Amino acid sequence: EDINITVWAGGSNDSDSYRIEAIEIAADILEREAAILGEELNITVEGRRDFSGWDEFKQGVTLGAEAGTAPSIVVTSHLDIAPWSTAGYIVPVEDYVDLDAWPLSNVYPNLMEIASYGGTQWGIPQDAESRPFFFWRETLEGIGYTEDQIDALPEMVASGEYTLANVLEDAKKALDMGLIEEGYGFYPRPSNGPDYAQFYQSFGGELVDPDTGKLVLDKAAMTEFYQFFVDAVAAGITRQNHIGTDWNQWYNEVANGRAAFWHGGTWHFGRYAREGNDDFWNTIQFSLIPAGDDDGRANTITHPLVYLVMNQEDDRVEEIAAQLVAIATEPRLNSLHAIQSNHLAVAKAQSDIDLYRGDRWASEATEVLLGAANSQPNHLNYGAFSEAMFRGLEAAWSGVQTPEDAVAEVEAQMRATIGDDLIVR
Amino acid sequence: MELRLENFTKRFGDVTVIENMDLTVNSGEMMALLGPSGCGKSTTLFAICGIHKMNGGALYFGDRDVTTVSAQGRSVGVVFQNYALYPHMTAEQNIGFPLKVQRMPKAEIRREVERLADLVQIGNLLDRRPAELSGGQQQRVALARAMIRKPDVLLLDEPLANLDAKLRLEMRSEIRRIQRETGITAILVTHDQVEAMSMCDRIALMRDGKIVQLDTPEQMYRNPQSQFVAGFLGNPPISFLPARADASLTLANGQTIERPPGLEAMGDVVLGIRPEHFGPQHGTGLKGKVVFVEPQGREELVDVRLDGGGDIRSILPAGDPIRPGETVDWGIAPGTILAFGPNGDRL
Amino acid sequence: MELRLENFTKRFGDVTVIENMDLTVNSGEMMALLGPSGCGKSTTLFAICGIHKMNGGALYFGDRDVTTVSAQGRSVGVVFQNYALYPHMTAEQNIGFPLKVQRMPKAEIRREVERLADLVQIGNLLDRRPAELSGGQQQRVALARAMIRKPDVLLLDEPLANLDAKLRLEMRSEIRRIQRETGITAILVTHDQVEAMSMCDRIALMRDGKIVQLDTPEQMYRNPQSQFVAGFLGNPPISFLPARADASLTLANGQTIERPPGLEAMGDVVLGIRPEHFGPQHGTGLKGKVVFVEPQGREELVDVRLDGGGDIRSILPAGDPIRPGETVDWGIAPGTILAFGPNGDRL
Amino acid sequence: MTAHPRIWHLVLILSIFSTPLVIMYVYQVIDSIASPDPGSLIPGEIDLSNWRFLWERIDMGRPSIWMVTFNTFIFASTTAFLVTLLSTTAGYALSRLDMPGRPYFLGGLIILHAFPTITLIIAIFIILQFLGLFDTLLGIILVKAALELPFGVWIMKGFYDTVPWEIEMAGVQDGASRFRVWWELVLPQVKPGLAALLIISFLSGWSEFVLPLVLAPGSSTQVLSTYMNAVIQDDASADFGLFKAIGMFYSIPVIVIYLVFQKQLMNIYGGGTKG
Amino acid sequence: MTSRMLGIGFLSPAIISVCIFFLLPVLLTVVFAFTNMSTSTGIMGGDYRINTEQLRSLPDLDVSEATVERLETAGFQITEAGLTALADQFSKDTAEELREDYLGETFESRRDLERVLKDLDEPIRRTRDRKEAADLFAVTLIGERFGTEEEFRAALGTTGIDAVDHDVLTEFAYTGWTWTTDNFSLLMELPSTLRYAANTAFYVVATLTFNILFGLFLAISTFYLPGRLANTFRAIWFLPRILPPVLYVLMWNWFTWDNGFIATVMGWFGVPAKNWMMHTSTHAWTAIVLINGFVGASLGMILFSSAIKAIPTSMLYASEVDGANRWQQVRYIILPQMRWPILFMTSYQTLSLLTSFEYILLATDGGPGRSTEVWALAAFHTALNNYGGNLQYGFGAAYALVLVFIGIALSVAYLRFFNFKELLSKPRIEQ
């Protein structure tokens, strides 16, 4: 029996190669299992990850699904589950694999939950991560922090003692002392991403109403969140034209201490090394995203990618694909990806694997961050929500609109596009 | 082969360009279609060769009714004003093209082409492309191409219009020679009276889609049926003088001329006097003053303003010492005055 | 204003088109630059008006050396072959343009334009655009535009080439009239000998960038200095017959003609005989056969092939009953034979 | 025109305006073979490593440059061929043939000529998918060809319009059918038009970006524009030297075609769009 | 062959392809604009399903409480009918064992039932079989997908939902697209609409002005330059037109980015490095107008150059001898005669600019802060390309439809610039 499995991985580059290779290894295992049962199973795995960006990837997958040329497995954001399941592009993995059995039973339940929607387990988490706040130790020392104070920062952040207001203050101080250049005090991610929902949460914003499942626009939180960026620009610690900065430039700058504060993904750890910073532990401190003010809370968002099985003409392909996904979730296989790409584990047992346990970053980050991490909601209209939120931020940040006007426009935009599924506070 | 057009009518949309025209061209005759621009010469020609459909009437080549036959099916050779040679083919290929579409064997085509090339005297130019040929040579190639199918009728649409004066003179006799040699029935479309008169057996003079006179060149020059015809032929052109006819002819300026014999009409008439018929060699009778002298080599054109008004032109052999401003008293050759009625018809 | 071109040389890249040419046009004179295509007429004209730079020599308008003055700075009016009217301007704006660029007040321009429009007789057409004017009217507008600055010199580059035969006749006298009335010094470039002869006081006949003869029209027709000049002037053209000169003149075909008085040369010569000088009215002497007769209204062109070879053309008044094939024995008018040496120079 | 002493004014202004472009062109070449140090504009040593994409994959996830180039070539040349072929026949029909509805076709042609095509891309996707041609080279070839057609027909009609009617009349008179007249007599006269259209549509296909991006997102159907864009967008490796080398590689055919067919190119843009 | 037949034969290939890929899409765009089609509805129609997420909004719906209750609690029930089927399809022993222990029992989710099936003494071993077996006992329709309306209504019946509520639920459960005019009211409501329209207007007017003026300047100045020099400048300015947009924009990126040319040069004068393309919306607009403007001026240069060449030289000579200096020559002779080409360029470019977004997409992608988002780009982003991933085909089509209308209106106006009468003149061979 010949089965062709195609795997498309969005947002992946060379270090993420195990997203596809794990499936290849799984295919090998499945073939061997079949061979023992006396069946001849021949699985060809074809991977692809050369997309220009998430936009192109998603467009390719959805149009492909419509055209019947969709891949068998995609690795994508969990946020796609809502629209894609509604459209019937993906099939529930739970139809093909035993969620109570190894290795799926070992996956963190909250991650499993993130990969489900509407009561159905659609996908399996492929990796986990979180988006911490980073500090350049030397700069902090420069403005008077002692080493101990710096080491204690994560707790202070977690407890809400150190807030974004302090960030502004410290960055300004560093700027005034000439430790950093103008625009390099607070150096955020240069493009849209889940990270920005974190700042909304920092100011007390809630993404979803737990009772009704509706999305929530907290205007006060949103305004403060925008205002923070505007203040940062006004203080000269963030560049007004920061959005759109070339990623490579950005990596290089934050890895080498040009910025005082920034935020990014846990997977950046490896990138810092590649940019020439081998001494992460002595140069950089990390924490949750600080609370914005007293109403807010320190937080971080995990944005796991998930394996999804796409609807195929041939059920057998779906079945094999689902099984491959299950096998690829084996702690050993998943650890290959986690460590190579500096992501976090999806299954508890991974902590017992030497490869993973031996990695300080993985262990510590898991400890500090993953426990407190929440995620964005799987909601049909969350895409529109996050898009509108970022556009509003962009408008305020780049000075096109005041935060109030931007929020007003965001509200209008959200009311129009999300309608009944939105609660405005 | 005789060509007969009966009751020919042609409309473009709502505009009737030609209505009920009859024309017979005798076998072996060369007929000119002469007339001012826009009178319908080309339209007639296109109907005869089949490129335009006729809206009414019939066309016969000999006894064969070809009214509804397509252009490809009629046996007509056409020479177009700008030659319309195929620029990407050599002279030989151009001439041989009509036979090639008939799928004649190559060798035979070659033979025929050579025959025609000899006829039009371009045997040595057969490998050249049109761009490498002079105007006259192109004209010859076009002629050969039109003739190679041994067509029933040869049509020429202003074939000389694009040639310079000397070449025009040369090609005029050349075309006539070839037409005579082959004995083909031909129609020449032109608005140049010299061409029509010098090349054709008969001239059909057209005006506004109608044939106003059909005659031999000599007859038409000497004996125009209307003022329009008289004015159209002749170089330099005829002069017209309005007059009153009673016992004698009284010009508008008061001078009188003898009534020409045979003129019976009375009342207002227009007199036509050709320049060669007015001058000192014809005696005296009309007084005036020379206003302009144009030397033209062997001849001189003299404009005389008659005393009391009216201009009359004379052409004289060069060398007479005439100067502008001179007063003259010149005569009209007897029997040469043409008289026309107020409607323009010859009296 | 007198115009003087001294030692004028013009090169395009490596090609020398005109070398060391001298030309003087007298004040108030109209001079024709006549010659075959490509001989350098337009080049000379463009140098005079300043559009092309001169590579050598000097140009004087009266006493003023304008050799290095730009076109805008010289005071010349030019009428171009295709009129070169500005299509987006009315006749009035066209004529007024040279004044407008001088920033003359509008009212004054208007007055001047009207003056010129009256001169060229188009006062009622001033609001029309060129596209709404006939060829002759366009020509007049162009003329008015060229004249409005009261230029020192008026240059006309084949001004009549694009007009039809009748209009050409009319504009010829019109241009001459205006030139006479204004007394402007003018140069007319043309390749049409009739134009040159009928319009100009003197003709400069050019060939390959050189002036080969400069004379009045009559002199040039009667007394050409070379075979080229003789062949260039005359319509229908002169016939040339090679001959040997000794006691008498022996044609190539063996027939002999009397030596014209004054001809001293011996050996090989070429005889030029104008068509009006050969015919029955001039007696007998040359035997041949009529090969072609071309009626042209008042005259007939007759080609005679001499016994033993050689063609000679005759022009006769219409009406003589001559048919192709007839044998004739016609004479040459005494004293009209032109003889040229082997190098083409007049003997 | 006559030479003018004050030309240097013009040259100066033109040069100033042209400087940015020239700098871009110059550094496009320089950077592809020798990247300057950051912050400096003086090229360093010759360094061919930017061209490594020619012999190795810059990222194992990407298809080889040669396959992509091959795709691009197939895409551009087939499109050009199709456009030229269909325009040649349709242009003739509209220019010369007496048939019912001709004015409507002509009017429609003009409207399409100016029509906002790119807005239709969603609908085109549906059609391609219905035909089973989504994510295939053939699909984008057909779409591109169809979108270019109004332009092509217009150009060809313009070229046919300049062929003298007399040539065609002479052909008919010589006994040839209308088809034969077209094939043997008229077509040779519009060869320059054919060549120009072929070149233009080839260049247009060679550069096309949005259609392949949306309608053929697969690896096996990548063309140079989408490949290059993907490499540029990839945030794992920003290397302007590499981009520029790929850009050089991508633009070499364009430059060669420009140098060879300069005249025709200028002509078509001048003549083709005239009313 | 008559010209009629030949004409039809010659035209039809072109007409067919134009119809399929041109006219049909126009029609479809009109159709889509009146639907709510998106990624989640799919394009080719939908299924019927109610999931637990939707259960939460059931109370908002006009259905009875009993229905809501029933839907929420139906679950999986061990019934005799189910057991018989189980016995048939799997094993009698299993069925027997299940009847003994669980008959009549209800499980809230399938997973609970599956666990039971797995833990029996005679378990069903394969995962897929277990799922199929569990389905035999399904009473609930929550989480199930039904391909057709009939199936869904039948399932509603099985679940025991009051028939009164079937219609409402069926409509509620449908996942495919439906007809709506909401897209247009949304367009009216959204504040961004006005901004995109204003952006587009600014973009078109600014770029067009630059195109035409600079194109004219290039054409006229190269006209006056000697051949070599003119050709050099023409080549420099022609390249933007034929260079692939991806590469051309890359060159601009290099020119303007933080470490790029401008930043480096300005750095020598102490100006801090910045991204000169994205720094502010003014920078972005300048870049956009220049990037597009250079390409447009390139076309303008060529078009205008040939228009100038078509002016008879004698007319230029005439103006010189009439005393016009160079500026007057341009002002009074050349420019007036370029009216038609300028008009043509203007209308043609207006249309192209209205609908083009390729260069903006590659250069700023509408940023910063959507300040350079033009209408066509918004249509593209909405319908095909956004980070959220929920592509709004219907809404995007509504955006596109507006452009289609403007396009048609402008094209018709544009028809009048062409001398359409002339086009209508009949062919001169009538057969």
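Labels A, B, C, D and E are assigned to the chains in the order they are written; within every chain, residues are numbered from 1.
Rule of thumb we're sticking to: a residue touches a chain if its C-beta (ideal position, glycine included) is under 8 Å from a C-beta of that chain, and two chains touch if they have at least 3 such contacts.
The model shown is predicted, which means the values in this text are computed figures rather than measured ones.
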Neighbouring chains shared between chain A and chain E, ordered by label: D
Target chain D, source chain B, minimum contact steps: 1
Pair exhibiting more inter-chain C-beta contacts, D-E or A-D: D-E
Innermost chain, where centres are averages of C-alpha coordinates: D
Chain B and chain E, separation of their C-alpha mean positions in angstrom: 68
Approximate Å spacing (C-alpha centroids) for the pair chain A, chain C: 92
Cα-centroid distance, chain C relative to chain D, in whole angstrom: 54
Interface hub residues of chain E, defined as touching at least two other chains: 43, 259, 320, 384-385, 428-431
Multi-partner residues of chain B (at least 2 other chains): 50-51, 71
Set of chain D residues in contact with two or more other chains: 2-3, 129, 169, 172, 177, 214, 229, 232
In the complex, chain D residues that touch chain E: 1-4, 6-7, 10-11, 13-14, 17-18, 20-25, 27-28, 31, 38-41, 85-87, 89-90, 92-94, 96-100, 102-103, 105-107, 110-124, 126-127, 129, 142-143, 145-147, 149-150, 153, 165, 168-169, 172, 177-179, 182, 203, 206-207, 209-210, 214, 224-225, 228-229, 232, 240, 243-244, 247, 250-251, 254-255, 257-258, 262, 265-267, 269-271, 273-275
Contact set on chain A toward chain D in their complex: 12-15, 17, 47-53, 56, 59-60, 63-64, 66-69, 246-249, 251
Residues on chain D engaged by chain B in the complex (per definition of touch): 164, 166-167, 169-177, 180, 185, 188-189
Chain D contact footprint on chain E (complex, rising order): 1-4, 6-11, 13-15, 17-18, 20-22, 24-29, 32, 43, 214, 218, 221-226, 229, 233-247, 250-252, 254-255, 259, 261, 264-265, 267, 294, 299, 302-303, 305-307, 309, 316, 320, 326, 340-341, 344, 347-348, 351, 354-358, 361-362, 376, 379-380, 383-385, 393, 396-397, 399-400, 403-404, 406-408, 410-412, 414-415, 417-420, 423-424, 426-431
Interface residues, chain C side, partner chain B - complex: 165-166, 169, 172-173, 176-177, 192-194, 197-199, 217-218, 221, 233-237, 274-276, 292, 294-298, 301, 303, 317-319
